[in-house]
Structure formats: structure tokens, C-alpha cells
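Here it is, the structure, as C-alpha cells.
Naming follows writing order (A, B, C and D), and every chain is counted from residue 1.
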């Protein structure tokens, strides 16, 4: 084990206490490490511009950091229990390779602004990935909505049959939801992507650091001015990032609910691809939609993370060690949520629809609303029309689902789904993803399944 | 009690059950009512453009709705237990005044899209108010930061003395936080302000409604296309609105924590105005900072509301009555949170600072970091410098807080607080508030303390 | 408005601030008032034994408190905005009737231990009511389970058909759950029912109070010894009480989910009594199970309250005004949860079962597990048997649900439901309810529907 | 990788999906494994009594299970990614050693009741450990309270000086809290320790299993009768276990808050042992109370786990794969919480008190309450006395803390702390710990620091 950065010599290191202090930080720090390396390089370049390091030293440090980034990306450098945390690991490596020069990387910096910089880049990156995942899901949903735009199926409210709907109408709703979710992830990424570097441990530092330049180099839209605020925003920005994740997972939960119901034999509307189901250890007749159920449960992980982070934050201003406890829920929930979302496009593409079964489930009473509105369009007050139709709902028997759908022509309705407008919104949301997200950092976590 | 909209005659209304069904909806609906009236007028105008109502009927209905809006604003029309909900109340009033014509307002509309429209306008309005409250707080903090920009006070991390700080540095951090919070409220308001009107109960309607026109009339930036998504976004958008509120209340909590500590006799840095304190029923010597403590607790109401809304939402697609349970936490938390934030500017302006006491609390060891960085700037590797200084922290005795502050010149640091840049950001955030928020709706809730 | 207890004269009372300080306390205090009156009487009697009041004064105060209790119970005394809180109201009433003697009731007491005493009695009482509600629900479920013990219905796991089950098996599971919930409510009530009276504001008081006697008089099982702990247990005990409520509401949620699904036309297993359904404002064909859906949502209120209380509690030791914010969620969630549970027995008793429909939904593949176990009982290793049967699940066609159920004879299984044992457990749980809960206090909340 | 238990041949195993299905189950299952082995042995013995296995087979299986338990305890058998879960691992091991006989262990059992049995034993065991940890903390606090029973220190409410208190009074409050927490853990353990074995996948099984005997063998107090309820109680009992943990961690949080404040230079009441503090990477002058801060944060992990489990549970009756997601938060929070509590006794024993500093912080105004009560005891109405004293709080100057403490003689007050009564309660709580908890299972998790 390397000595902690703050060791003054003679410190008694109690293993039980050290273990408790470290917690699950190493796992979380693995996700942060490539971002920490990148932020460190920007800080070094800034030290050069500030005259703290000369050009040759900057070059040597940046070269070594680039090499480290490559090693991290290739899995040749893995963060483990030897290091107190990722920050220690970077410095240890630089010292190992560059001797005393390595130690100078910490000039004008504290672990406090260093971890915030890594977290900021990490959150921007993962929110970008979240946006991409959402748009990939939306794309798959939109394709299927286009392909089955008018295939009739029953529409439900209160889990009771309500009106004829269509596969296109059902799926386009989720496509639109995921487009909104991507937009929200992007907004949130931009909002929180301010640069904390150069604020040290919350009180600034007696060096003329080039904070603007460092922010620009990291592609961060603005400098977070106040060093105290940098520390006070710990946890707060994490909650915003988790809030964006929650939006997407709430939609995933509802979609999974629908699929889970519609795959029941009582409905029989969809059939899941075998690879998304598993068997029972006891019951030979079962194929269980386990993947769909775990997708439904993915939100819970995020909800737990939100509660955990929030529970830490009742603190006065300034850094407190409690805040370390916000890292594992943040990285854990993002990794799990992104892994769940990554399974959606293929699931959606491989769902099989039983169109005859869906059509057959549309009963005559489901035309009652169409009929009441027709009556009211002919001048009968709606409440009257409603009562007339309610008295004889079975009289809808002669109608067809197709006609019912076709007549609902307001924008977005089953007769006018607005899919090309939705496709345009999807494209705009993709173009608006955080620029940096297109260039994923090296050293990505194993849970990330981006190609 | 008026019969429910859906009563078909012969319905047995059990009072205990009706009471349970109504819950606390009437209270929540009072907040929604002015928005419901406004959305109803836009729907009526749209029915005119769609040819469902003729121009004269549109005019009569809109006149009556304008009158109702006035009555609501003036407190002459109060929603109470006579009505199943606000929607029923509006229709009952129109029928009372306009006879059968009143009933036609419900054409092409369901309570499902009606309540969503009212909620959407309500959330945009309250997020606008949230933005204003945050900027008002930021303004007060910035003024005090400017006035006491260089007054030294100790800076803490881990609740331990760290480095010299200043009143300006302390307060500017919170000012910047509230500016960010206002920006987040605005982003969120814009993101969720899509128009649900014209989607009926989640499946569209067989009328050619002018959804675009209605959205424009309500100042909503886009049509929410899919009727199913409109229903599925219930609760989800509420969580986004509460998430924006949470950001502001988390900052308020930290500020209240600081004030609460600094007002202790052990610190003695600030004194609270008498009107923000109360006495003890037992202890004659006490003046307690109750207001500050309740400001600190305001976040809890929001956290409860978030948990309550989230707990409702594990549902398949489509409307379910469970979703009614999302209204009281939403409106309750927003009302309480905005009331808390409204108290901040005056509290901040009336805080008295004991500058000598703060200055005296800066002990010699607090210059250790300055000294270590000076050494390292002279070429000593930082880790070396750190160890040298750690061995003799008392040697900082001759230094002055002013010099320490002045030397920390990086942007945002105590020697270069960037207050004019912050003031510019504040002005930009104010200019960016949702346009409509400048024109508060009639009939505002009593908890709202806007002038 | 009466002056606050702590007013020292000359206090400037700002209405906006006073309103914020009061919050929704008055509503919560209405629930606490009868308990506060009762605890006050016990404190007065204790002051008598301690020699602080003479016997005649004790008698006069207790008489007046009994009268007040009667007035509260009869609705002749209603807590409203005139009083800072319930404690002030009691003292104001005593002073109004008894002059200076009324003021002596506060001797040796602070609002801090007074509110804790009222809360402790309130929580014990409401946990007793919770236990009763659970047992009433269990009783109704058990009756129906007995009446339909062997009526076959399909059993589901993963929302997929699994094995034949029965109505008796389905409902007995919920009966047992509610019996457990009642036991947990009782355990929790007993655990938290310690007496805080006599600890003043957290540091004791320089009077020889008879704490043991007061605890006995209130039927509280033990004295909470440490005055500091009395204050520190604020919120903590509330979370335990809400935890007990949550257990019952989680079971209610699952039961409501089942009923909600089984009432779908796709299942058609149960039909809800009309009074538990409502119509749609748009769709004439709908009967919606709104009551069942709101029962399902009742847990959310409790979850919100738990989160709200928990969010307040990150505080150092001793009383802080923040803790006032724990009252509204506690009383609100208990009132709502108990109102929800009170609707269960009648709902359960009035559910109509469509037995032919349920029987018809049992498909031949559902006997596969029975067959595999039969094979394995004849010596085929279970994994082998499983594979054999999985290869031909349709071969179960000739079997009957009755035989399948009858063969599952282990205790609790469909062929041996153990209903009489369950009935015995129910009776034991009823006998074990907190003794005091049998004698409900006067002045109960309107949401409480006990006969 | 071993094939899943349910593999019917020809199953396509997609690695990405398998990874998502497995989640973090392997880690959680490591904690459950010894309990699973033990429950399996009890099931095997029951199969013997039911005539499904003969005595020789029972003996061979039980021997092998005992060997496995030993291997697990000694770390010779470690659960890893080769196995789908712990259940699979046990069966694979038995088959490896005993051939086909190993497969027979699954007779009359499903993974559904198997996991519940392991969880039930695990929760009872960990709640027992929780109780022990709480009592160990209480013991340390009580020792220090006895040693410093009358050492004066200021008492605070609202973070304002209130009345003289003592170290004994301060610490005894937390000792009592932890005794209560231990009692609650024990109650909860007993309440949830019913036996699920013999209920298969929620519908019983067509074998005459000896459920009572198996329950007795496992030391579980009662049979959980209904197979459906067994499945429906998944997550619900977990929330009860986490609720018990939360109680203890809430008290730990408050204690950590106090220590954190009292260790500030502004107070200077306590000094932490060096091993409980760490340095800053930037500031050479700092010693930070990191351990105390992470103890304060430990509750957050539990709060997150509670939210995560609760968010999973909105489901209809019966098993759903979603429920797997309740395992990691349960085991993670219990392991972390117990590790935090394990650090408390030594921390408490090594705290150094600065008695002169504490005594000096008691200012004359803090005697105001004593004086007001003295006046009122002499017949002045308390409200009068209050006003008189409030007008001249400085007149308390001549008093001593010792006299003030000694006069507060009601049971539990600073003059009569009731420490021997508290010690008796502690001993009773220890005697009442779940019997089985005294005999910790083999194979305990590395996070468990029991000697």
C-alpha cells in the first residue's frame, strides 16, 4: 500500500479503519480514473501557462499522462487496493516514471477540486451516453411504430379496456418519451458541466491559475467561480445527473410493465425472443420474462442512489468526508441504468406481435367514445350524448378498429401519429448531444456496452 | 354535492368511499384552478377553429371563463367540497351561467388531458416563481458579498479550521448556487412545457382539433405528440419539477446550516434579527433561530414529495387513478418550498456580522497552505513543502488574513471574487426566466408571497 | 392570536414569518390534542405527588382537563389558528377557566417533553388502530378463504401461469400477511411506548418529579430515562411507527394489484361492487376500479412520510425546530393509511368470484410441476424428471385442478391450508393488541372510521 | 460456467444478457451461502422424515453439506461467476461429490423457497449481530458515562446554549438509545424468523413435507403457513430488517454529529485519537475527523437500500424476477452498517475530554431555567417567574454547574442518571438476543469484524 498523500510520517494506520475509510471507493474510482487523468493533463497545461511549470516539464508530464491514459484504456493499468484512491494512483505513477517532477502535478490543486473535475467530466460523459442510449431506444421504437403504425390493439386506462389503439400508437409514445429523456440528459449535462479546477480545497490558491483556459481545454462551458460553491455543489450535481437517469428509467419501467402484461397468456399480444427469457428451477412449463422484469427493476437502483446521495447532504458548507459516500451510488446507478437501457433496442426489435389476437381483443363497447363524440359533433351536448351511449354500449358492434383509428386525426392521434415530426425531433436531439460524448474517453468501465 | 361528471344515474355514492376518493384533491386543485380555467379557454378557442363551436359560442364561453378567472383571482369563487374536483367546478359554473352551452366545453376533451394541461401550466408558472425566488436570494447574497467582500473569516473543511476566508467569499458561493438553481428551474420549465391538450384520455379523439394553435395560445413551446405519452408522463414531469425545487432547497439547507452554526456563541460570527428567532417555553435565557431551522428543514418536504410521487409510478402505461396521488405532494412541496425561499432575501439582508470576532478566529496554523504553496512555487516539490510546513504550523503567526486573501488571485478566489461576472450571470438568468412567469396567473395560492 | 408562551414582551411578530413557523402544525396538533390533554392530567397528578401542587389544585386542574377532553371529543373545542400550537391552547383554556392556577400546569415541564408525551400516546393509539384494522382485514380475507377454500384458479409467477391454485390459497396468504402486520404494529407500539414526561427540554428539571408514577398512570411500560435521549428519539420513533404502517400498506398494495389485474376483462376472475368503481368523464363504456387503485397508492403516502421524516433528522443531539417538520408527515400518513385499510374488509366481502372463468384459465401445462415431482418421487432424479416433462408439457391435459390441489398436503399448501391455525394466530394477535387501544381516546380525528 | 438449473437444452445464452441477469448477485449470495447450506441440510433431513430420501442418503448428503459448510467457512469454497447463483453452486458441488444423489436435494423445493430460507436465516443472524454491536456500543458509552458522570459541560438546544449538562448525561443518552436499538433488532428478528421451507415456488408441493420439523431444526419460531405469502413477503421482511438497522444508524449519526462539533476548535470539548483522523492532501495544518464523518454517513447507505428495496416492490402477488434486485441493497447495507457500528466502542473509549474547557463554556445565563423553577416552586406562577428571570439572566453568575446538576433529581436527570437501571436494561437486552446469534454461522463475510 502506498502511503496516503497526507501522511506526515509516524501515522499509525489501523487496517480495520483504513478499510472502512476506503469503502467501495476503488470501484467507483475506476470509472473516474480516465477523467481524472484527462483533467490532470489540463491542469498541468494550465500550470505551464501560469508559469509554475516550464514548457519542457509540461511536455514530459503530459506525455506520461497520455501514456497512462492509454494504459488505463487498454486495461494495463488497473486501480486496486494498493492506492488510497485514483488521485494517489496517478501521482504515484508519475513519480515512478518522472521522479520529483511527478510530485509537482499537485501544485495549486487539492484532491477536493481534482475529484470534482473528474466527477464533472464523468457525469458529462455518462449523461452523453444516457442520451445516446435513449435515442437508440427511441430509434428502435420508432422503427417498429412505423412498421406497425395501424395494427389495431386495445387501449387501456385503469387496466380496463378503453378505446381501440394501435401498435404504432403504443410504441410511438415510448419513442417520444425517450427523445424527451435524451433532451433532458443533454440539458442537465450542459448545466452541470462547469469547471471546478483551480479552486483547491474550497478557498482558492495563491497562484495565478489560468482557470478559463483549463475550462476551455476540457470543453466545459463555464468556470464555476466560487471555490466554496465548488465544494457545496458536491452531491447536488450528482442528484441532477441521477434525476436525468431516473427520467429514462421511469419510462423504461412503464414499457417493461406493458411488455410484461402483454406477454401474459391472458393477453398474448407479444412474444419475447427466447434469449430474453429464462426457465424455472421447479416448473418445467415456465418461460419467464426475467430480462424484462429486471429492466422494470432498474429504476429501483437509481431511486436507491438518489436517496443515498440525498441522505448524505445535510451538512454545513465546505467539504466533509461524508461526501465520499456519494460516489458509489452515483457510479453504480449510472452503470446499471446504462446497461439496462443498452438492452432495449434489440428487445424492441425482436418483439413478435400477434396481430390477430390484439385485434380480437377489441370489444364493441370500446367504440362508445367515438360514438358519443360523433353525436356531440352533431350538436347533442356531450353530457347527453354520453348518457345515451352509456345506455347501449353494445351497439358499437358493427364498427371496425381501422375506421376508429383513422378518424382520430388530431396531431399525434392514431390517425395522424406524427412519426415524421417525431423522427425530426429525434435527429435534433441526437445533434444536440454533448459534443464530447461523441468522443468517449479511454478506459471506459466494463459495464459500458458501447461498441 | 354536484353529481360526478361520469354519473350515469342510479350510482350509489357511499360517503366514506367518496371521501377517500376525493382525498386532499380539493386543496391541490385550488392551486390548479386558474390554470385550468386558462387552458379551458384555449381549448374553447381551438374548438372554434376546428368548427366544433361557432364564433358566438366561443365568445360567450370565453367571456364567462374570463369572468370566472377574475372571480377566482379575487377570492369570490372558492373551490370546496361541493365539487368532485376543479374540472367539475368549471363545468358546473359554465352550465349555471350559460345552460347547455356550458356542457359543450368538454367536447373533444377528457379530464385526463384537462388535468395535464392545468398541471403543465401550473408547473411552468411555479418553476418561474422558483427561478425568481432563487434570483432574489442571489441578489441579496451578492449585495452582502459586495459590501463585505474582504472581511476575513475562518474557512472550514470537515468542520475544522482550514484557511482564511472572507464574508464575501462565503456569501458569493451561495449567490452563485442560487443563480445556477434559477437556470435549472428555467431549463426544466421549458423542457416540460409541452402541450397535452387535444389528446383526450390517451388515445386521441375523432375531431380535427387545432393542437398547434392551442399550444401557441398557451405559450407552450411544443405539442406533446403522442396521447399515450401524455398519460405516461404524469408523475414523470412532476418529478422533474420537484428535482428543480430540490436543487434550490439543498442550497438553502446548507446556507441555513452555516448560519445556524455561525450564530452559536462558540462562533459568534453572525447575529440574527430578532424577528427570525423565538423563545423557549421553559428557558428564559434562550433566543432560538427557529426560522433558520425551519428553512433548513424545508428540503425534507420536497424529499418526501419526491419519494411519494415516485412510489406511485410503478404502473403499466395509460392513466390509473393512483396518479391522482401525485397532486398533493407536488403542490404541497412547491408551495412550502417557495414560501421558504421567499424568506431568504430579508434574512440575508438583516444578518449582522461580528467582524472582529471572525477575524480573531483565524489562527496562525491556517496560513500553512499559503506557506506550502509559496515554498513549492520556489521549486520545492509540493509534497516536500507540505512536510516542512506541517512540522511547524505555528510559524504562520506573523501573517495577516488580508494578505492571504489578496494573494489568492485565480478567478473566483478570495482575492478575485468575480462578483461582476456573477452579477452578469444573475442578470442573464433573470432575462431567461420563462416569459410567462412574468405575468402570474390570477387566483394564486395564499402561500405565494409574490408582491 | 394568543401571545406565544415564550413572549417576553416587545417581541415583534411578523405575520409572514409566524405563518411559516406555524406551518401545518395546527392540523397535526388536532390529532395530538386529546393525547396532550391526557398527558397533561397525568403530569398534574404527578406534580401533586411531588408536592408542587396541593391536592385541591390537582383536583381543580384535572376536573378542568376532563372537561376539556370532553369538549374536544364532542367537537366543542377545536384547535385553530388562534393558538401557536396545541400546548398553548391547553394552557390558555386552563388560565381562562382557573386563572393563575392554570399557569402552574407548566411547572416542571417544557413543550419539549409535552409534545413527546402526546406523540408517544398518539403513536401507541394509532398503532393499536393499525393492528385492529389489519386484523379486521385478515378476518374478512379468512372468511372468504374458508368459503372458497378449494375453488380452483390459476397461480402465477413472473405474471406467467405457473400451477393450479385456489381462491382459498390466494386469500389466505393475505390474511396471514395482515396478521403478521398486526403483530408488528403491536411490537412497535410496545417498544416505543416509554414515558418521556419529566425530562423537560432535554436536561431534566430541579424538581423531584414522580416519573414512574406518571408512566404507570399513562399505561406506558417504562420510563425513558435520559432526558437527552428523549429529545434525540424524536423522529426516530416516528420512523418506527411509519415502518409498521408501511408493512401493512405494502400488503394492501399487492392485494390491490391482484384485484386490479383479476378484474380486467382479460382475466375476469373477480367483479368489484359498483360502489368501488367510478366512470370516465369521456368514455361511456368504462367502469374504473378507482378505489382499488387508490388503495394501491396508499403506500406512497407512507413512503413519502418516511422520506420526509428521515430527511429532517441529520442533526446533532438535542432539540431543533427542524423536528417540528416531522409531525405533519407522521399524522398525515397514519390518517390516510388507516382510512385506506378501513375500506378493505367490505371490499373483500363484496368481491364476486367468477369460478368457471378461473377454472377455465387453468391450462394443461400447469400440471407439469406436479408430474415432475411425481416422477422424482418414484426415484427419477429431479433434474431428469424436469427435462422429461418439459419435453411434453401438454400431456397434463387429463388432470383436474381439484386433484392437483388436494395432493399438495404440506402444511399451508392448497390441500392443507391451515386456516384454523391461522384463525388461532389471528385471535392471539387480537388479544395482544396494546391494551389501551381498546379504549380509544376522546377527540379522534375525522379520518378515523372506527365505530 | 455451469448451465442454469432450468436449462432445457438448446438455450441460447447471450453473454451480455446473462451478465445483466446475474447483476451483483454473486456478491450478495456470498453472504447467503452458509445459510443456504444450513437450510439445505435441514431440508434434506425433512425429506428423510417425509420418506423421500432414505436414512443413508440423508446421512451422505448431510455429511457432504457439513463439509461444504466447513469449506465455505475456511474460504476453501468461494462463490464466483462460474455459478448462476449460490443455489446452483451447492447443487453442483453435491453432484460433483455424490453423483445423482446430489440432484435429489432439490426434491420438493424451488429456488423460490430456498432463497427465502437462506435470507430468513441470514437476516436473523445479522439482526443478532446488529443487536450485539448496539450493546457493545452501549457498554462503551455507559462505561464512559459512569466515569464522567458529573463532569459538567454545556447542554444545547437549537445549537444554542441551554442549561448545564454533564458528560455522563450526554453519553448515557446514547447508551440508552443503543439499548433500545438492540431490543428493536431482537423483536424484528423474532418477528420475521418464520420458516418458508416446504412452500416451493408459492403453491406448495405434492409431497408430505415435515414443515414443522424443518422449522424447529432451524430454530425458527413458527412456520410461515401460506406459500403465496412466502413469496409476497419477499422485500417486505427485508424492509423490516433495514428498518431495524436504520434505528441504530440514526443514533450513530447523531452521536457522530455531536463528536464532530465538539471536536471543533470553537468547542474543544473532545479530542479524537489520531488513528480516527486523517490529513489533507493540500493543507499541512489539518487533522480531519474522517472516520467520524463516515460513521455519520453510514445511515445514508441504509436509507438508499430502503428506497431501493421499496422501489422494487410495487408488484402483483407471486414471485417476479424484479425481487432479485432486493438482495444487493439488503446485504450491502447490513454489511456496511455493521462495519460502522463495530468501530464505535473503541472510538468512544478513546475519546479524550477537555473538562476545563467544557466547564468554562457554561455561561451564567444558563442557570436561568433553574432559577425560574426555583421561583415557581416558591409559588410564583411559572409564566411570571419566567418573565422575571428573562429580564436579568446574568444574575446566575454566582452559581456552580455542580449544584445545578445535583438539583435535577428526577429519574434520568443529571443528578440521578439511573445508570445502574440502564445497566440492568442492557444486560436484559443482551440476554434476549436471538439465541442463534450467539453461534455465528460459518463462512461469515469479510466485512464482519466479530472476533
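Simple rule for what comes next: a residue touches a chain if its C-beta (ideal position, glycine included) is under 8 Å from a C-beta of that chain, and two chains touch if they have at least 3 such contacts.
What you see is a predicted model; the values in this text were computed from it and never measured.
Following the contact convention of this document, A, D is the list of chains adjacent to both chain B and chain C.
Taking each chain's centre as the mean of its CA atoms, C is the chain most distant from chain A. One inter-chain figure worth recording: chain A and chain D are separated by 32 Å, centre to centre, where each centre is the mean of the chain's CA atoms.
Annotation: 24 Å between the Cα-based centres of chain C and chain D. Note: centroid distance chain A to chain C, computed from Cα atoms, is 37 Å.
Shown for chain C are the residues in touch with two or more other chains, namely 5, 8, 106, 112, 157-159, 162-163, 200-201, 261, 279-280, 282-284, 286, 288-290, 293, 296, 299, 303, 306-307, 310-311, 314-315, 320-321, 369, 387, 390.
If the chains shown are joined wherever they touch, the resulting network links each chain directly to all the rest. Of all residues in chain B, only 4-8, 11-14, 16-17, 19-21, 23, 87, 106, 109-112, 200-201, 274-276, 278-284, 286, 288-291, 293-294, 296-297, 299-301, 303-309, 311-312, 320-322, 324-325, 329, 336, 339-340, 342-343, 449 touch chain C in the complex they form. Put simply, chain D touches chain C in their complex at residues 5, 8-9, 52, 100, 103-104, 106-108, 112, 155-159, 162-165, 169-170, 172-177, 180, 183-184, 187-188, 191, 198-209, 211-212, 223-229, 231-233, 235-236, 239-240, 243, 246-247, 250-251, 253-255, 257-258, 260-261, 296, 299, 303, 306-307, 310, 313-321, 369-370, 373-374, 376-377, 381-384, 387, 390-391, 404, 407-415, 417-418, 421-422. Of all residues in chain A, those touching chain C in their complex are 157-163, 260-261, 263-267, 279-280, 282-290, 293, 307, 310-311, 314-315, 361, 363, 365-366, 368-369, 372, 386-387, 389-390, 393.
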